[in-house]
Amino acid sequence: MIEVALRLFENKYFLVAMILFIIGFHTLLTHSNLIKKVIGMNIMDTAIFLFFVSIGYVDGAVAPIIEPGVEQAYINPLPTVLILTGIVVAVSVTAFALSLIVKLYESYGTLDAEEIMRIRSNEP
Amino acid sequence: MNGGHFKTYIGSTLALFVFWLLITWTFHYQSVIGGLVVCILVVAFCRDIMIFGEERPRVTLLNFFRLIKYIASLIISMIEANIDVAKIVLSPKMPISPTFIEFKTNLKYDLTKVVFANSITLTPGTLTVELEDDVYLVHGLTRKHAEGVIDWHMALKLMEMEEG
Amino acid sequence: MEDLIVRTISRTLVPFIQVYGLYIILHGHLTPGGSFSGGAVLGSSMILFALSFNLERGAKKLSHDASTVLECGGILIFAMLGFYGILAGTNFLTNLKAGFYPGVPGEFFSAGFIIFITVALAFKVASTVITLFYNLIETEGEAHD
Amino acid sequence: MSIVLDTLLLSFLIVCAVAVARTRDLLSAIIIYAAYSLIMAVIWLQLEAPDIAITEAAIGAGVTTLLLIATISKTRREE
Amino acid sequence: MRLVIILFFLALIGFTLVATVAEMPLYGHPENPTNNEVPERFIEKGTEETGVMNIIGGILVDYRAFDTLGEATVLFVAIAAALSALKAHSH
């Protein structure tokens, strides 16, 4: 048990990424407010980004900006590149979701997902 | 586009170029050429929002020294006000008496008005809430703080700079 | 928001923010940064300008037509530079082997087409940010009905 | 020293994420989310990824917050 | 009732994820399976093949330029979708 706890503390970045994923997922599932759902989705996004980038980290290494004539270890650049595109895709998804929310508010007058479902079920 | 505006454009380009040199920290000829092109493009894009001659004091060497003196005395009064506010906050009775106060200054230009308002905000204990034409609305932590702002010696220094 | 303090401070700051954004873009091959971050900084400077004056003034500064041109032109330049590789007898989007100017690594003008693509993509990202913000905040009742 | 700083930043992250979920006022939730993004930018620097740090500070804390605030200015503030 | 089911499944997912973390390779260890020959090659040959000092910029715009082109397309599609949703007629 103590071994597992020590291992978890050693891998604390991975652990925190998983906890943030669960928190974001919980926000996304249980809150009925649409903007809260979008924020929860963003938290899930950043949790996955954190997981990816911390996989690429190497102890005692520096960022991959080459200095000529200096011998040193560099971190793994591939996760950084993948996440850089991921952040921009995340913000475009957020923008699209927000524009849909604005239109939903215009036609139903509420931000509550369950209320929108109720209004829709009463419609013929 | 008259002569005074042209001087403003040249001065803004120089200020932006000094900023470019500070962040690149190199004198390589390619970087210097690129920086000049970037600064001229930015000034051309922002040409209608520059701070022109009728809104600021004239830029002279004397005013530059006065600005340095102003910043030095601002830092000194910030330290004094910090100690003062720390005493008030740490004392068990908390002798605060929040006060709003309105007053006028004789500052002419927009830029000096804004510099004075920001100096009031930077010193702990007082806070500029609103600046409408000439009238400052200041919130003070105690009555003494709020009344001390009215005849603050910093405004005199700014008026000296305005006269050139 | 018509506040004298906010307006004067943002008039002073916007040129510096734009120079910093262009520095991040143009040094994408030397220092941290690049198209996405620099484009976001440029777009944010325009949003600050529009917020501290008013939206109409900002729309006059960078009109919708201009941002459409930036939007489509950025991605078009990207694809055209890719097709130059095919023209030179190599693959799509080939850099140094297709004959772009290599320069000395570490200098300002180096690394072939990377600097062109970075600038094109950065202006695309900047105009995306500005357009999304404008369309979310614009007042109702003028576009339709 | 680094371990202490890392643990502190990570616990701030979790506290901010929980606070976003618990806050009733949407504007407060958005401001807390901006603080979360800024802490995330510092963590990217700790992980030696300065490119992502700049991008996160500009996009995550700047643009996403602006878009969310623009949305609640068009809709409503209470949950 | 729905809340209980949600919480149960969240606890299940959380337990699985945390158990995965306990079995992951050590954080920051240089011998990890991710640090194989691929990043080594990028770091060794990156400067001479693309002429950049910032390897991340080189990978983003040169080695994986096609990926970045697709990503620019995603931005384009996102803005087109957002505009068409916002400017649509109400009826």
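The letters A, B, C, D and E name the chains in turn, as written, and every chain counts its residues from 1.
Going forward, contacts are C-beta pairs under 8 Å (C-beta built on N, C-alpha and C of every residue); 3 or more make two chains touch, one makes a residue touch a chain.
From a predicted model like this one, the values you see are computed outputs, not experimental measurements.
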item	value
Joint neighbours of subunit E and subunit B, given as chain labels	C
Smallest count of steps, each to a touching chain, taking subunit C to subunit E	1
Chain of greatest Cα-centre distance to subunit B	E
Selected pair, greater C-beta contact count between A-C and C-D	C-D
For subunit A paired with subunit C, centre-to-centre distance based on mean C-alpha positions, whole Å	25
Centroid spacing, where centroids are CA-atom means, of subunit A and subunit B in whole angstrom	40
Centroid distance [mean C-alpha coordinates] between subunit D and subunit A, Å	11
Interchain centroid distance [CA atoms averaged], subunit B/subunit C, Å	31
For subunit B, residues contacting two or more additional chains	none
Junction residues of subunit C - those touching two or more other chains	30-34, 36, 106, 125, 128, 132, 135-136
Per-residue multi-chain contacts in subunit A, two or more chains	12-13, 19, 26, 54, 56-57, 63, 65, 80, 84, 87-88, 92, 95, 98-99, 102
Subunit C-facing residues of subunit D, complex	50-51, 53-55, 58-59, 62-63, 66-67, 70-71, 73-74
Complex interface listing, subunit C residues touching subunit D	24, 32-34, 36-37, 40-41, 43-44, 47, 129, 132-133, 136-137
Subunit C residues within the subunit E interface of the complex	28-35, 71, 74-75, 78-79, 82, 92-93, 95-96, 102-103, 105-106, 110-112, 114, 117-118, 121, 124-125, 128, 131-132, 135-136, 143-145
Subunit E to subunit C touching residues, read off their complex	47-54, 56-58, 60-62, 65-66, 68-69, 72-73, 75-76, 78-79, 82-83, 86-87, 89-90
Complex interface listing, subunit C residues touching subunit A	30-32, 34, 36, 106, 125, 128, 132, 135-136
